[in-house]
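Next up: some structures, all given as structure tokens.
Shared between the two complexes below is chain A, which has chain B as its partner in the first and chain C in the second.
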Partner chain A sequence: MSTPTTQAPPATGTAPRRGTGGSFLSGSVGRNAGLVIALVILCVVGVVTAGDRFASTDNLITILRLAAVTGVVSIGMTFVIIGGGIDLSVGALVALSSVWATTLATQALADDIHWIVMVGTALLVGGLAGLVNGVVIAYGKLVAFIATLAMLVAARGLAEILANRRTQTVKNDGFLDFFTASPLGLPALVWIFALVAVVGWVLLNRTTFGRRTFAVGGNAEAARLAGIRVQRHTVALYVLSGITCGIAAVMLMARTTTGSSTHGTLLELDAIAAVVIGGTLLIGGRGTIVGTVLGVLIFTSLSNVFTLNNISSSAQAVAKGVIIVLAVLLQQRVAAGRKQRRSPASTPPTAADGAPAGASPGVPAP
Partner chain B sequence: MSSGDGALLQMQGIVKTFPGVRALGGVDLDVRAGEVHCLLGQNGAGKSTLIKVLAGAHQPDEGEIRWDGEAVRLTDPQAAMKLGIATIYQELDLVSGLSVADNVFLGRERSRFGLSRPAAAHRATSALLERLGHPEIRPGTEVGALSAASQQMVSMARALSQDARLIVMDEPSAVLDNEEVERLFAVVRDLTADGVAVVYISHRLEEIRQVGDRITVIKDGRTVATGLPARETPTREVISLMTGRTIEYVFPQRTERAAVTAAPLLEVDHVTVPGHVDDVSFTVAPGEILGLAGLVGSGRSEVLEAVYGARRPTSGEVRVDGQKLRPGDVAAAVAAGVGLAPEERKSQALLLGDPIYRNITLSSMARFARGGFLSVRGEKAAAREQTEALDLRPVDVDREVRTLSGGNQQKVVLARWLLRECRVLLLDEPTRGVDVGARSEIYALVRALADRGVAVVVVSSEIPEVLGLADRVLVLAEGRVLADRPATALDEHQVLDLVMQGTPTHTSKGHVA
Partner chain C sequence: MSARHRRLLTTTVAVVGAAALVTGCTGNTPEASESGSGSGGNNAASSNDDPGDTVVIGFSAPAADHGWMAQITAAAQAEADRYEDIDLRVAEGTNDVSAQIAQVETFINDGVDAIVLLPFDGDAMTPIALEAMQAGIPVINVDREFSDPNAARVTVLGDNYGMGISAGQYICSELGDQPDAVVAEVAGIDSLPLTQERSQGFADALAECGLDVDNRVAAEFTVESGEEVTANLLQAAPQIDAIWNHDDDQGIGVLAAITNAGRDEFFMVGGAGSANAMRSIQAGDSVLQATVIYPASQAADGVRLARLLAQDKGLSDLTDVEVPRQITLSAPVVTADNVDQYIDSAFES
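Let's look at the complex of A and B:
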């Protein structure tokens, strides 16, 4: 070991950033500082332009309530995208789950037994559809984009057949009472979003499931050769996404008191946009729940501020598109900059060739 | 420097350093118009780096390149192409979904007023292929549907269409059968008759004797001989030029084991993977290191992959400790205590953007989980234990694996299997991209593992590594076992002879110790 091995050149000052005391807060918030700043700016703009109409408790709760449905789906989407996939079918699965959970038969059963039957149906339908997605992608080796696109079309069609193109009204009072309540002053929908986000965070960051998700998305081949059952895990990710669609369906049923085949139209785009703005890489292997939550909040606040200022929804759409591109461009810059700082620009030429003395019998005792 | 006149290309004192490795430490090469110049050297000698410098893909740190007597800088592949340097890589860089003609004129499409002119491109392609003696390749055929040999001809046609004056061929014969090689040689002779220079890289000496004019030998990133006559230089001399080393690797002492009568830990029984592995059988005892030697394409890596379940054999079975492994199931192999350090460390083994500790615990996650919840603290402690034992630097297990040197990345992979306490360890090119200092450490580590009773299988294209590290060596060619001998009963020349001839027939007799 007489040859100098490549050590980072002295004092590049990169290591301490992720010091030993790196709790999740400092890590995530550090990474998401840009998003927090964006959200703060948005709020300032809201207060300046709309004053009390923006800063009122009612308005803030409205924002959260509107963010909740997209938010729940976005959490599932975050897992799928970190795992190296994409799920375009989420909006259609929300529609299908909402319709199936509000058919006359399901509601009759719910009246007989308990309203929880409706919730169970929605989750089951979402989960099963996710299972189909996952199996087709993992074992059928279909590209996720195509498989879930097909599911998008088919699931919405099935929802239309089931509902006979009619909007189905939720009649179960127990269901409506439960989900329209506001415990501790916050609507149930907001509580559900918070719960899903926390469970998602724990699942992603504190369990073997989460770790495998990063591994599968980061390098599927390496994960497979390390002994991880990649196909099985991929299926699980789409099932998870399907279940979040079921949850979102329940939330929409409560918010609109209907089940409809038009629920969740274009929800997939909002969810993907929120996930990507939140810093999750579309190629997989990298991403955070906190970022996704912030992404959802930014989008919802944006719409809110625009609406309060009487800006048309068409103009809002244009602004959203611009923001998505700007956010991703910015992230790429940041990521590239970070990479450059980390890799030592040039290593001093090693004496690998010059010194034939690379042969000292210095052998470590393992 | 010997022949200043008539040299088409002169490279002098080319130095190229990568982080941690000095790939080229002063290479000289001069090529004359109309000659076939053979470039010889063992794997890792720097041939690939050199031709990438020549193709403009790498910028040399030092040294001079002269083209037609004038100093030039090959700042990018386009610059090299413009001068008339074309490179035909081992992995052909064709677009398989496009037609032959489209590939030949890729990037320089024939067009008029912005409209493509397929007919003109087809005619030109036909003419080129005819000149190459392959009129049977149709310009409209999709390249993906062609054989490897035909694809090579398409690459060659592309080189000619660019008016190449120097064509670099990187092991063109590796994918060809004998007849195809003959036709390739005919093409090469025609080209040189037209004044085109060819730099020909091959491991097979007999080919070089057939087609070559002069030889340059490089070793450990330096030119050790140049301008040798290709036909007259004795094989002995060529081989000793390639193998004589300035750097001696330190191999750990072999452990004297009482007898190899211990029941084998790994049994590979008549395993066949069509096209790669042909009825291979061997056993490895606990504490034994088995080396697999052979050329690229000899099936070395595929044997490991079949054992590991990454490739599904059509027949034969693999047993660990007497238990049959489910074929084609990596997770089952890992569960049975088998570990693999694959050849392409970065793409097949590591999560480059993840911290060291997560890479180390990847295969043993269950140990740190209770009810699915991971104890990151436990993971880090265990990882730290491994990094300390392996002298892995930096010690900080939160560092991204991306930032580590090749040697330390390999230690991360080894640490993964150490933590897993695997009983059978498969190592594919364990020291590729690893600098000299770390190599000795890895050798010592592998030996220490064997001494603990692990059965180790090592694949390496560096013959001294196989001979120095292993107890027993299998020489493979074309998926078959040519020889199975104790490492001490073989020397580098014999293995190189076996491997270069490729057939078990004559050489093995001549060299039995």
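Let's look at the complex of A and C:
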């Protein structure tokens, strides 16, 4: 056990460098360029096959608007995964937040005070559920996969109880007017997505919080020895993810004019897929916001191009599957290369005492 | 599944219109009783409604995870409450096949007089239904058919193929004189046989008047998926004349996408028949102009048939002594003209 301990300080020392530079400029710029190329190819295919129907401002806005909800959740998911965890409960949290924010009681309160009450409710519910996730994982030492899987089931069940399995319509005109407006020609949902992405990028790449996230995900034990309060940081990551779910719930309420326990079904898979496509390592320690945004855009554009060409949903599913596999294959090669370089330090941190179980659940033994 | 499809086709032809007979089996006014089923208020005229020996009926259905399924159980319960001689034992709705099998086993052990069963999976529930039949308990199979006809005494089915036909015929009647009209379809979950049957019926009916489906997308019966696929669909087709959306639950999302895109050059036909959709049709304030009903009263019909079977009665409006083997409910089109008839029995999505 002495090896990881003695090697730990240098490993932590490299974390900030990977955090600030590696996220956008140095290591992964090539992979982000790859994503951009993929997106461009997709756009070319769209223009060739669908012509003006694809290359129109309306269509661009449609794509961005559809990408917005998944995008916001994926930003939160990026933090969690870089921090060495996983959050399977995001879809269910979106459902729970949307239902809680549209109950008759909440809407009545919103009518009396301001529609911001509905937004606040959604964010609060998402954040609190994320807090439960985080506490159970960091202090209860449950594996993140299991803890958030439990939350997935429980939160959707709670949403069904609250909504009585009915679809709740948003009746507040102020809320709908605000979120369906298009300031400067772009829908409010797209602005929110952009804002969340920018804040996420700054938080990850320009703050101590971001550097600690990379450190915790890269090697939790090393991070602890370097003085980072790993458990508290893990909790914060899940709260962050929960809050993005609350934001996504508000966006879905605006998009569909409803709150429903079926909202966000399988959203967790879309988000994880987008994050992985974007080059974030599932084992944590590395990832980028830009890559995630590109990943989301690729998936949304893919659906759009397929629908414009009237191609069946089954073929769309096959194409998505193929793209995920290709991306993960690429990712494994890169990860293997990275591990060879730092093989002495790659002893699984989970083996070390004191590492929170959830902070690094996916670290493979070999 | 193809055998099931074929059977559905033949029965569709054979027993279309039986819906009125079933719901109004004891009344002289089938039309009124259809709208009143599930909420009471039948005008009984035959002796079938007279109280008889108390009948214990076991009822099991999947989890009420959407409006239609919630209404199935609620309507069955409401129907049972109208008869003092029915003792309905409702098992907790479940999407777990083994749990549902256990429920039926319990009914058999309790020696109930009849079982009304809406299986989560018709094939998987067939053996236990056979067991019940062999134990002398008549099984009324609702909505999702068993793979063995011997497993049920009576089968009550909605008509998915007929829904497509009804929607197609309505669009034909509106657009039949425009051979190059653009028709779009927002389907439900594509892998389900019911979606395939609905789409097939729709395509067949459109072909009759020389139209076809120009753009087709598939959602997942949820509001969110409805909004998402429709947003893309509206981009794919810059000009549309008519849209058929398979399901009114996802229809809320479909309408939201249409509103978001600011489109109103077409009319839309819904499916299933939710109260939301009917209120919209009544108000005439959106592109939703009609909807095709997939009756949520089928389990209620099943309960009434179970009572008749257990009391050795027949359908009073049929000459035949026995209750029929199979009943396929009609899939009527609801428009602003006749929405008042249907809105009371519609389900809240």
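As a convention for this text, the second predicted complex is superposed on the first by the 299 of 366 C-alpha atoms of A that agree within 3 Å, B and C clash if a C-alpha of one lies under 4 Å from a C-alpha of the other, contacts with A are read in each partner's own complex, and residues count from 1 in each chain.
Definition applied: a residue touches a chain if its C-beta (ideal position, glycine included) is under 8 Å from a C-beta of that chain, and two chains touch if they have at least 3 such contacts.
The structure presented is a predicted model; accordingly, all values stated were derived computationally and were not measured.
Undergrad: Just checking: does A:Trp191 make contact with chain B only, chain C only, both, or neither of them? Give me first, second, both or neither.
TA: In the superposed model, A:Trp191 contacts neither chain B nor chain C.
Undergrad: Between chain B and chain C, whom does A:Thr207 touch in the aligned arrangement: first, second, both, or neither?
TA: first
Undergrad: On chain A, which partner touches more residues: chain B or chain C?
TA: B
Undergrad: Where does A:Asp58 make contact in the superposed view: on chain B (first), on chain C (second), on both, or on neither?
TA: In the superposition, A:Asp58 touches chain C alone.
Undergrad: First (chain B), second (chain C), both or neither: which does A:Phe178 touch?
TA: A:Phe178 sits against neither chain B nor chain C.
Undergrad: Output check: A:Ser314 vs chain B and chain C. Expected answer is one of first, second, both, neither. What do you get?
TA: second
Undergrad: Intersection of chain A residues contacting chain B with those contacting chain C?
TA: none
Undergrad: For chain C, which residues are in contact with chain A within the complex?
TA: So the residues of chain C in touch with chain A come to 64-67, 70, 190-191, 214-218, 220-229, 231-236, 238, 249, 252-253, 256, 259-261, 276, 348-349.
Undergrad: Going by the contact rule set out above, which residues of chain A touch chain C in the complex?
TA: The contact residues of chain A facing chain C are 50, 53, 56, 58-59, 62, 65-66, 160, 165-167, 169, 180, 252, 255-258, 260, 262-265, 303-304, 307-310, 312-314.
Undergrad: Residue numbers of chain B touching chain A in their complex, please.
TA: 17, 19-22, 25, 61, 220-222, 246-250, 252, 308, 310, 330-331, 333-335, 340, 342, 347-354, 358, 362-363, 365-366, 369, 372-374, 376, 389-391, 393-394, 396, 398-400, 402-403, 405, 407-408, 416, 435-438, 440-441, 444-445, 448-449
Undergrad: For a test of understanding, state which residues of chain A touch chain B in their complex under the given definition.
TA: Going by the criterion above, the answer is residues 1-8, 15, 18, 20, 22, 206-209, 211-212, 214-215, 218-219, 221-229, 285-286, 342-344, 346-347, 349-350, 352-354, 356, 358-366.
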